[in-house]
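What follows is a set of structures for review.
Look at the two complexes coming up: subunit A is in both, with subunit B in one and subunit C in the other.
== the complex of A and B ==
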């Protein structure tokens, strides 16, 4: 916990994942009914809420729905009388859309948190905006968050906007799956009393059970009434931008974080603008700040949309006209099958042509980040160069460009580099593009980055989250992004932590140049699929948990005898075993402090004393011993390899035993025949 | 739900847990079933609760519907508990679409907010909600192909009432009380669906007349499959 003073606001920053932050948003909004059906990557939001409800921390009715369709139906039913919310993702959201139109049509202000995820086929659990785009015509207000803090704030503001008397519509808060929902960072949790002052208690316009005024929702109406009702519904949603601005301004006054319809990052007078939504903006921000004011580069800016539905067309057109924008590249993580442009580009292009006419900037569309593809800083260098070419009047595509498709790159020198069919169509455009070196100067490395290779189940995420909390307490900005996939327990996984030392600006994008690489298991050294030295900086640190290998031997295995990489070893398994701990992560956490000194060990310990997982004393001792026993060469002779004892109980366990334990009476019946 | 007590109903059909739960059921309690978990709390109108503060409990359980008033309605009704001149002036600033949203809780004004009604077509409620008591009945007599009439002599009156319960159109009403009571079919609301005639405990023997006839074997065969 860290007390930051921002103006008159004394706030407490806690380490939260995006999902937990959204759960805090629901908790602080005092949601009264929360039906849910879990789906990756938004599951832990619902898990957190049901845990709070069970512990009595939230006075909420949770319902384990039998499907997302039911969960959506239940928030609609509940939303007629109380404040209701749920969380979902991907196909779950698609399954909800059928009923969500009823929420919008019946003017029911319920809330959804969406961990944005790709939609199959093929099955893909990672982040993009496909699910949000699928729901864009359902009449739901769609807000996009760029980090965990925004997710929390947007849920609270979402209820404020949705319940406004001139709006009364459902809302959805979107956060990119995994890189947003499972990234751990410092989040300021507002005081409940302050939120109560910001958000009225829920009052239904037409309560379902008011005996003196009984009502019917969802009656069947003929065309005459139907079209007149739909006219009213559209009138209500067109009030949203104004209310979003008002709610965002008041939120800023109360909590110190003002919000608008979109965020303009970069130069006020920006000839080149990249428009986008959501978490991927972090890499774009880094590049925008890097390019600003550099030689040969006109004004650059990033237009980070917060409100997607209803689309604030007039306000965006005005902002672009005011900035004198000549070229606009719209980046988005989703498709609009068969349309000219994907949804965001289409909306922006329509908006500026309606509002600015002949003065409208040129618009190009770029698709990337699909299915969890990483959106890197280099991509934004490319896109700013593309925007420059547009502004210069070079020809450009009237259909979307793609990122990271080698057969269809944004810039290509010759026919040989691209798919043959495409050269016929776009060869002239490719030939007349100019790749300008001023956009591709080396990017600054303002952050220090740590990568952990571990086996799933060793507790690497727990230790990295602890480290993040300690770093935030020391006044730095930290971010931990674990990698998630289809790995089973025991597979090799990575967990990345970014340290922005005393950073004034929040940085959320990795350079992928590691200062420290940590191996929780020395067998990872011999994994054919993992090159642990890849991306490790010259002079960086390799820390290995081993009792049997000396650092010289590790160098030999890696073929890095001449490398300037510093190799440290720590017998963390031994430490954990000696203390009777089932996980070696705490010892590794201590060892990390030994090799990475930017976050002082003494200061971090005060954080660990409060927050270390149980058993607390043994864990703290493991942190201490891990710190002390880290060495760049093995002091004593290499010891015999030690492994955890595998008990007979473990080997004898069978899945069906578990079910019999739960149902003792059923077991008796079977025994009786 | 502060004094809610939890009972966990686990195990097979005949387990002691379940028997205990069933014996514990009381009509004065409310049961919320979620998966295997049953949450029990006092029903708002249980004798313990209604003894002292009857009105208060009722008010809490059935919140008064909030009011949405136009400027004319505010001026006419002058609702208590609000700063009337201020509200009227605010509403005048907004214009003809101004509405006052008035919420009362236990008799006191909990929220009074002036807002602009976003509707373009003001005769349709927000969310196309239909106010049941304001709905005018629609004449559906044209739907019928047969005429239905309840003979007061055959009808058991309030002792039975089956036809009134099963009528999908709520077209059958009990007239009178006690021994002389009987049911009557609203000729404007009856669509002629035969449900009352089929469900009648007296098998409509001399009770419900169809086209003036008490009993028609052909018609019975058609509806009962006899």
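== the complex of A and C ==
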């Protein structure tokens, strides 16, 4: 495995999802009580902990709670005596909020990991910050993580901060659902002994299980006592920024990854700044690095907030003043219904106007990424251009802008693009905006990207995660993000992997330009809803699991020339069947190595030997056979045998759907050999 | 589902077939041997709940263990913790209204974690949850039943005063038929509470409780024996205590004993215990009290103004009597075994 030397310690990078990384955070923090209730997308954190506890790897009392309300009640009860934590999302968090105020009010330093998710209605299981915003007045310390590593580190630091004698408050670590919680990447898991040196055992200040000095928690207080208590609670939370800085600094000294209140990514003297929180910053970082130092661009930076509650108002104002920032665009994935600005923009606007007065930069609010909407690099180009307009003194909206709402674009070239009522309201703003081309130049393709189209249940994620591990072992930075949804078993899903070859800077955002597209099933070629060539680079590779189609035929079906796409086929289903494997994913993994040579097969095999799923020997053999049997056009034409016979009726069947009209007629011509 | 077994013996007993030895029966005057709540609570004059809480705490303290009480929001919490604490040497964790069961669960988990770490001995502590009928029958039912289902070792005490008294006498899941409350007023069209109450013992046994008992503070010896049994028996134990509420029941403050005695006489409140043998999946039911003679429910109703509306309507009184008789019919085998004719109507008890 890849050994990175950081400071005094040799740290091994392991492939973990965001949820598993958070679970490691709880495990390394030696959490003693962990009640849980499942909710997408944070569930696998609790699953991981349950697995460890039931296997005896983690000494924790788990409680199979019947609701989030009870899980929260249990960490609050247990948190009076031992270190306690749980994980939740969305409505689960909203269900917890009723009791979470008790944790803050009674000074219980328990911990929450939150896989941020939309709160509905309409019901939506994907990521945004609505749930975190809903809890912001409950007195809980809110930290935002941007990737799996930060989730792990933040859970450990969270306990350190929360249990500090000047704080003693509950904390929550937030990570965006799916793009954060279900993204697999290399994570450095600290040595338990080192964490023990950083985070001391839990000490209850007013223990419940003590025969001397019995205490009463949750007493009823009348106004005069109550207001004092609440003032003290506010005083405790106002101590947090200082402790966060101290804990983050010490964490850096010990583990090589220092943390602050926020991260400033980009130019020191940035006139244009985009402020945001969490995982969506990944796309912003790529754009910021791309724009930095380019002609016609004043300094640009991202202000990646880590501590949201308590809000480090003074520190943010100071940083903006120091940089001489003229315009600030606040991007956020949540709403504050009926308010002027959404929560983050509101907090920042208040902070800078209080602390900087007339010198405060102009603030515009942008809402995007709601309900799992993709936050793309192009959005940040748009937002930097918006900030440029602000900085130049052009008029701007005093209410939030929305991303990806067609009738309400951030920039409009003509009135026709905009809904008439909106044009009436903001027409003057639109008319006077300038779209500056320097912001919109295409981004360099620093990464190589692989997309798998598979059917849910075929094991594509397992193979992609294995590939990610092998790549990390070879010294590259990789990231795998499966697209999750409410798919049934057998539905077509995508799994994307990004390879940042020997990259010094971590890249977590996809260009959506695929070097390799893999089809786990040749029937995906006939899906009306999936255009497998979409986003595939010119001359890119299409790898198809098939025993009945030759590569020339596949190109014909797709209507693509030889220069457009290089087609490889592998009879992965046959390989898997021959070896008695229920999944074809290992054969596909071997085949991927054949068509993508940046991660050497021999070196990757040493990783697979340790990490393939059971049955190990058959899986390894499948990888080998998949690698060997991958064929380009020549090899395929030599192969005559067809083991699978599918009737023409099956292949020709189409649902009664108008979208079929768009589908290439070539598909109708599939013939069996 | 479980097999029902009746105990032929009627009356309170310090014995339990789940325990190797009888619990300490402190006798009729045992209640004064130790302190329960300390002075200064803000309970109403004539409150049955305060008396019940006192006796629960005394019984638990007599076991020699340190009491950790997880209490739900309600009268009991408000009157004992306002700007102070009347709980003396008891550790108290008040969390919220709906989560007494969950809080109890969290504290038991913490105790297990501490014991596992060798920080303390589990046997030195007894975990007790206490909540009112609203926090038990209604909003806290989910947390309570799953606490029972998880089989954790602790006691849950429900102080049942048959309505939401802390918020000003609203109908709850434990409110008897025909009762006037502020949300089930005795109107011209709808006459008081139309529901028949749920029964906590039924729910607790269905969820898998090891021991379930009903008690009343007037029979303090019986109550304390039951709490001590609950403390000694492994697994989740539930004790439901009849709690007179002069404010909510609109009764005189000095008829605490009379009302309770009439509840027992009319069988509006039945004292019994149920012990579960998990191996044979059998629940042994013991009836603790049988009235000497038949008393109609009217005698009980007329002492309390909350029933004043329904006492005007004979069909409502009859319905109330029917509810009593149908519940009482459960004890027919015990009564017959003891030569008491508990037949169709219990005129000749």
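We adopt the following convention: the second predicted complex is superposed on the first by the 627 of 673 C-alpha atoms of A that agree within 3 Å, B and C clash if a C-alpha of one lies under 4 Å from a C-alpha of the other, contacts with A are read in each partner's own complex, and residues count from 1 in each chain.
Definition applied: contacts are C-beta pairs under 8 Å (C-beta built on N, C-alpha and C of every residue); 3 or more make two chains touch, one makes a residue touch a chain.
These numbers were taken from a predicted model, which means no experiment stands behind them.
*Asks:* Overlaying the two complexes on subunit A, which is it for subunit B and subunit C: clash or fit?
*Replies:* After superposition on subunit A, which the two structures share, subunit B runs into subunit C.
*Asks:* Regarding the shared-chain residue A:534, is it in contact with subunit B (first), subunit C (second), both, or neither?
*Replies:* Neither: A:534 stays clear of subunit B and subunit C.
*Asks:* Thinking of the overlay built on chain A, is A:215 touched by subunit B (first), by subunit C (second), by both, or by neither?
*Replies:* Both partners.
*Asks:* Applying the touch criterion given at the start, work out whether A:225 contacts subunit B, subunit C, both or neither, answering first, second, both or neither.
*Replies:* Touch status of A:225: both partners.
*Asks:* In the overlaid three-chain picture, which partner chain does A:235 touch, first (subunit B) or second (subunit C), both, or neither?
*Replies:* A:235: touches subunit B, not subunit C.
*Asks:* Which holds for A:33: it touches subunit B only (first), subunit C only (second), both, or neither?
*Replies:* second
*Asks:* Looking at the overlay, what does A:64 touch: subunit B (first), subunit C (second), both, or neither?
*Replies:* Both partners, subunit B and subunit C.
*Asks:* Quick one: classify A:268 as touching subunit B (first), subunit C (second), both or neither.
*Replies:* After superposing on A, A:268 lies clear of both subunit B and subunit C.
*Asks:* Which partner does A:556 reach: the first (subunit B), the second (subunit C), both, or neither?
*Replies:* It touches nothing on subunit B or subunit C.
*Asks:* Can A:105 be said to touch subunit B (first), subunit C (second), both, or neither?
*Replies:* A:105: touches subunit B, not subunit C.
*Asks:* Pick out the shared contact residues on subunit A: the ones touching subunit B in one complex and subunit C in the other.
*Replies:* 59, 61, 63-64, 209-211, 214-219, 221, 225.
*Asks:* Which residues of subunit B touch subunit A in the complex?
*Replies:* 1, 11-12, 15, 32, 34-35, 62-66, 68, 99, 101, 103, 110-111, 113, 115-121, 123-133
*Asks:* Over in the complex, which subunit A residues touch subunit B? Could you list them?
*Replies:* On the subunit A side, the touching residues are 59, 61-64, 105-108, 164-168, 200, 203-207, 209-219, 221, 225-226, 228-229, 231-232, 235-236, 238-239, 663-666, 669.
*Asks:* For the complex, give me every residue of subunit A touching subunit C.
*Replies:* 32-33, 35, 59-61, 63-67, 69-71, 73-82, 84, 98-99, 102, 208-211, 214-222, 225
*Asks:* What part of subunit C is in contact with subunit A in the complex they form?
*Replies:* Residues in contact with subunit A: 66, 68, 70, 77-78, 81-85, 87-96, 98-99, 101-107, 109-114, 116-117, 120, 124-125, 142-143, 146, 150.
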